[in-house]
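First, the structure itself, so that you have it in front of you.
So that you can tell them apart, the chains are marked A, B, C, D, E and F in the order they are listed, and the count of residues begins at 1 in each.
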């Protein structure tokens, strides 16, 4: 059981029920989620002491977010309380050729307006084994970008391994702004997670694989990963590869490179997809667990991560409510879906 | 069928189902509502051409608000489209001694940031019979306050009767700020709706009735109404009186004064209350219809208004989905609740 | 365990959920019900062999009605299958001063167009102890009126006690039409159930109690019952008395007269009412059981019936899903509502 | 923005939730729909002034239908109010090899019994750009057939383009009856929509493609379309082609012929199907928009129509709640279903 | 219409809604089911007098089970009432590579503690045409095993054909225990249903086909069936063959051998699966009907059974709510899923 | 913030939705609850470190119970994991004169079969301020009774204040058995909570107040409390007094005696009751907080406790999801139920 710290935003997610469109819905399902919160829940499910750090209002919507995390065993003691609002995102789940749709309403959230005084990062990082953040956190606001840097510095002071999921979000910042913030933060990062598109937009790398069209060329990634690793002195670079046949049907695999070996995971055919939101986060959560559990076997770590995230696509909500045993069972090859009695 | 214009904000209302508390809820019921939108729906239900003026984003949550209004026959042609967000309020419905709870998340809504260019008030007011607004609208933002003034001016230019529900909201502004904005706007108002607390906080009147304790002294209101009428040159002053026995059980009546006669309505005993949000707005809607329909009989107009708003307490959602016939039936004395086959 | 036959229509009931109004509802709750079907379910719950006779289409909506009856133990072997449609009624449940609302859509139902060949009433009545019908059945159509007469004749041929709940429905026929059909049928009736309004409209009696205003004067009923009994040679006349304080709050008691004793039951204060539809039918069901169980004690029979029907008001749906023991417990005086563990 | 008139019936649709069978369902989802109403909603979504003409009762079920149309922006000012009932259809949604099931209960609806006095077709058609009806409308009743003719005549008098979706329904009439009514109406039709089965049953054409078995032979259609066009002097003939692999999985494309070019659209593979009811109507709605928008490019018009109707299969309810932009995006080739943030 | 008796347990099934995981669910769907109860419902749907024999508590949860059976026409007159609890199983429905999960909580149920005095098997079997049980019944408890033997003996005394679905459940007993109980019971069995895994675990047969890996080799089954038939003197041996591509996608066919002919059914591709619980039971129910209806044509009987059970996979709940006509339609080759209007 | 330990069972509660009866329900709402778990949640809501000690299976139903506790901030680190089942209770919520109904299915739960090795009570009690248990815990099983004694002994060794809610449950044991177990345990108890009926059944006291009939005579309680206090050397005796007007309407107050002063709280009129299960537990939770917060003012402590438990009756579920501020607000006299904005 490792101590794993994540830092970012948790939002109120309001989704139209079933495959209903937003304008048809008389109620919205309520869950909470956000990149780093989702990673924390994954890690808690695998048995770790997962510490999620953020800021949330004292009112009941803020409390609802805290409760959602506590329910799944996440350590919430370092969540600062205050501010006015919980960021919101609306989700409409697509089907077949109709894509899912996300509307963000997150400006002015408590974490976007948090101050350094809200967090004692040295206390938080003390004794931690891992610190994870994503490119969404510094994109939220300049204040959040500064907090991300402070968290990274504290992590390094305390000898904590740092991972970052690049995760470029065009609604939050431009590529120029992203690069100006993200590049300096790369010095703290040991494990970088991101596909070639994120690498280009956040770090200035040019993609060579044709991803837009859904084709995935693993060999192209070897060059990208090698380049990224050298440029930023990462220990490990990893990425998922999604083939989007439709909103209901995806192919899913992942790649990893540690400077020695370039490893490509098995591919999962996911059909039907129940909820693909949080798929990338569940990969990060699985990878952290995998690399902590099999430090000498990045292939095994990656297979855990990709199985975890394939499984996530079958589970409603942002959180990957799957146990270590369930992920291992799937990674071990049991994908027949036979009833477990 | 009169043309009745209202101007203000319509919000997304997210309420926990049944009597569940916020932190227990796995889904939120979705309706849309807001003071002036609620008045518009009431007027549309009574057969008028009710024009609701506001600004809403182009995305689906904004569209949902437009659709909610169209569904009940409100004219939405003058709703400007643009801006980032729809204001939100969360509602938890209480029971017995547990009060209902409202959490507002409305900062930065499209209407709060709307500009004069978004509205051509002279076109809007042309041919209108009535213009209604509440003290919430100018409280939203300085921009909205300016727009309220522009709307009032256009109404007066076009010979439109103007009503205002004072409706002081302490979460939106202080009494000092309210008075600085509201007092100058009173010159445009013909019909003022508000209890003594609103009058004090928005207009600087001192209450003489003991309302905090739930006791209502009609005679005290005569003096207040008389004073208000003289000070601001209103034609008519009216107010509801709520006795709060519990969150489930209220007494409800209303008062009106036109400078000649002070009239006190019959009193309704409402138990159980299904949804009291929008109760005041349904009174305004009923009063507008009443005064337009019975210009010579303010007592009859008031009885329509108070019956309409009593009925609203039995209907879920902000909108008063009741027909003119249903209100007349209740105002006429049929409160036995016998099944209508 | 007696064999109790009832004959009439069972309809698909579509009700808006909770206290929502029709035009707000995104789904309708589905149950099945109808006067004589409701009586049959009551009798089955008390342990009798309750035979419901009607006609229903072969399609799944017709099958749904059969299944609803079978589920609660009603004998459905004499339900003819055929015809085009199941009659429908829409129900909106009121609250406080807002009345519940019923919209009927029952024209052309299978039972309204049934023929004598659909039923072998002598086989049906053979060995039966009781036959019950209501004034709704002959009002459905001329064909149904004829079938009612055939059923009554067969009952008499087979020595079966006959009860009739007068139940005038102005949407189905005029008072003149009702009297022309109902009066000749009274010769078959042993037990007549109906208030003074039904007696006037169906049989030509003038009411003397002031019921419109919700006041109930038991002494006035003594004269009415006596007159009815003599005019039509009934053995027993009984009626419920409802005081409608509001849609949520009613007083409820009943009266009976057997030519010897005039008995007035205890009064129940029902608040809140969960579902008052079927309240009268549950009284008929309870009275049949009561008179069969306590032939020498009409007071005890009536107390069972009125307790049964008071309990019905707390149960969703048309059917009175209450056991004999539950009714006896309430009739015995235990109305405290303490949790039964 | 064109003025597009449609004329027909809108029904109350009651569907069992999810994949539940009718007899398992404790509630029915409530939406409203009907061929021409569905076309009107499509057109309103694309920004047109869509006028739906019909007759509906004044009660709340009738009002619910009006509200459903208004909610999505349809112009309801020419809907006559009166009559007794709203036609109903029950829908059970299938899955895999289990087909969906529809039970109609529409006899005696308000529109089936409407009279010429209910509609002033010259006023309705004045300034209109398009008039659409389907073979269902004249099949409802002889009165409705007469009204269809009157509407067509008024359309022609006012220079309006007329389209007809043949849509043979064997539950409503025989092929002989259909031909006697439909053939004379074809003189008013400019754009005829229908597959070879409809053409045979409504107009007396013999099919040459083997559609029963799910095989589609585009070349066979060329001959049929050519023949139909010549026989009835249509300007354009179009049809969809559905391959039914299962209730959950269909192939979908369309064909069009304007006397010059025979165009076959791209084919969509729809899996899973969320709701295929209204698929044909959404094609008609898309085709009307397409032909109005690209009068010189029937291929582009058809691709819009087939993309629109493919998308409809992923949306619950009869109405195609999709925007012009969404349809254009899919027609433009973006079918990957990637999340839109 | 045959009289078909089944004996076993009916449980309360609590399933998480949709694809939610257990720990995410705020409510559980309630149905009732169990191997032999499911067979009884199938037989009742096909028009037979299906008698389900078991023991259930007198409380409302027990009554709920009785009502569920009555609703679908099962004869419940021989269900003994008493004991403390209804066995429960919790079901989580999987998707794609995530398997469904079952948690049993059935110890101490009324039927597990039933006594011979609870059942008069000679009365029950009198006039019966068929008696069916599964390997689950004797596995419940030693008392239930004894009752199974008594039922078989009575069946044989009354000349009733006996079928047994071997259905080994490792949560209930070991293979050793199973063999000690099941082997002596085989003397009463005419029709044995079971795959090679059940045959090995219950009866000591070694499998030769490679089923674990999802490959099905019909020829291998011929040898197994021949061996089983000879060893235990069965008249007929049959089994289903499931290919598990995923929790959502299965292949499904069946095999039968009567000593003369070895027949392999057509194969169904089921995608998506709605509910696969009860799939085997629906096969048994279909086979019983098939063998009774086509005693001379085991192939036709098997095709009915396999079509019935394929259809079951598309229906929510344990029970196969499909009519004889629907099964025959599918067995006859109509699997296109076209809407039935 | 005190450390408060409670020990007992947490069950899966399955309740029919709304006011539906068990046999009408197609789903059951899922919450978890149990006397001491409910107390722990109350204490956690008031800001304490509430440690709930029990045993739960490792499967997902057991995990669901753990998650429910974590969600509301209860410390679950000392919950032993193992055993087969989670105890279940079914709840049907009554209305008006229909009582709520509870069916227990709790035999053989993990905590009933727990062993001393499962708990290290000295570690658990170390540093604790309070230990609470109820008479339900030792009634579960002889093993649980022994564990209760061990917990009490450890509490005393560690100087922890002990409270006990007598809570006699006739379904779990007889009065004789209860007295044989409970009397020896009273030596560890400082604060005894129980009405005169519990005192008689658990401890052998004779009641003098007439509680059956719903009348409450505070003076009678003074004698009972005085006697109990002397006989068992309690420091404090307290009890609630419930007047059951109906299942929907109760009066509620409480009494306390510390040897010096006998204090009677204000009385709350609760109407409508939303969920009265857990009402007594919320009183215990409130009393623990009150006595810890106002050690010198038992009256203030009691007013907190009775306000807390009155509030509980308005909240769905076993847990009292109310904050300290909300309880203080009500105890302070604000029961008007006015909307809190």
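The rule is short, and it goes like this: a contact is a pair of C-beta atoms (placed from the backbone, for glycine too) under 8 Å apart; a residue touches a chain by one contact, two chains touch by 3 or more.
Nothing here was measured: the structure is a model prediction, and the numbers come from that model.
Novice: So if I look at the partners of chain B and the partners of chain F, which chains show up in both lists?
Specialist: Of all the chains present, those in contact with both chain B and chain F are A, C.
Novice: Can you list every chain in contact with both chain D and chain E?
Specialist: Looking at chain E and chain D together, the chains touching each of them are A, C.
Novice: Please state, in steps, how far chain E lies from chain B along the shortest route of touching chains.
Specialist: Between chain B and chain E, the shortest chain-hopping route counts 2.
Novice: Find the chain most remote from chain E, comparing centres computed as mean CA coordinates.
Specialist: B
Novice: Could the interface between the copies chain C and chain D be described as same, meaning over half of its residue numbers are common to both, or is it different?
Specialist: Same, since most residue numbers here occur in both copies.
Novice: Quick check for the class: compute each chain's Cα centroid; which one is farthest from the centroid of chain C?
Specialist: Using the mean of the C-alpha atoms as each chain's centre, the farthest one from chain C is A.
Novice: What is the distance, in whole Å, between the centres of chain A and chain B, each centre taken as the mean of its C-alpha atoms?
Specialist: From the centre of chain A to the centre of chain B is 45 Å.
Novice: Could you grab the centroid distance between chain D and chain F? Build each centroid from C-alpha atoms only and quote it in angstrom.
Specialist: So the centre of chain D lies 62 Å away from the centre of chain F.
Novice: As a quick test, compute the distance in whole Å between the mean CA positions of chain C and chain E.
Specialist: Taking the mean C-alpha position of each chain, the two centres sit 42 Å apart.
Novice: Which residues of chain C are in contact with two or more other chains?
Specialist: Chain C, residues with two or more chain partners: 18, 21, 23, 26, 67, 101, 272.
Novice: With chains as vertices joined when they touch, what's the shape: line, ring, star, complete or other?
Specialist: Shape = other; not a path, cycle, star or full graph.
Novice: Between which chains does touch occur?
Specialist: Those chain pairs satisfying the definition are A-B, A-D, A-E, A-F, B-C, B-D, B-F, C-D, C-E, C-F, D-E, E-F.
Novice: Which of the residues in chain C end up touching chain E in this complex?
Specialist: Result: residues 67-68, 70-73 of chain C touch chain E.
Novice: Can you tell me which positions in chain A touch chain D when the two form their complex?
Specialist: Where chain A meets chain D, its residues are 18-21, 23-24, 94-102, 104, 169-171, 214, 244-249, 272, 276-277.
Novice: Going by the contact rule at the top, pick out the chain F residues touching chain B in the complex.
Specialist: By the definition above, chain F touches chain B via 18, 268, 270-274, 310-311, 313-317, 321, 326, 330, 335-341.
Novice: Looking at the complex, which residues from chain A come into contact with chain B?
Specialist: Residues 14, 17, 21-23, 25-30, 59-61, 63-64, 67, 84-85, 88, 90, 92, 101, 103, 105, 107-108 of chain A touch chain B in their complex.
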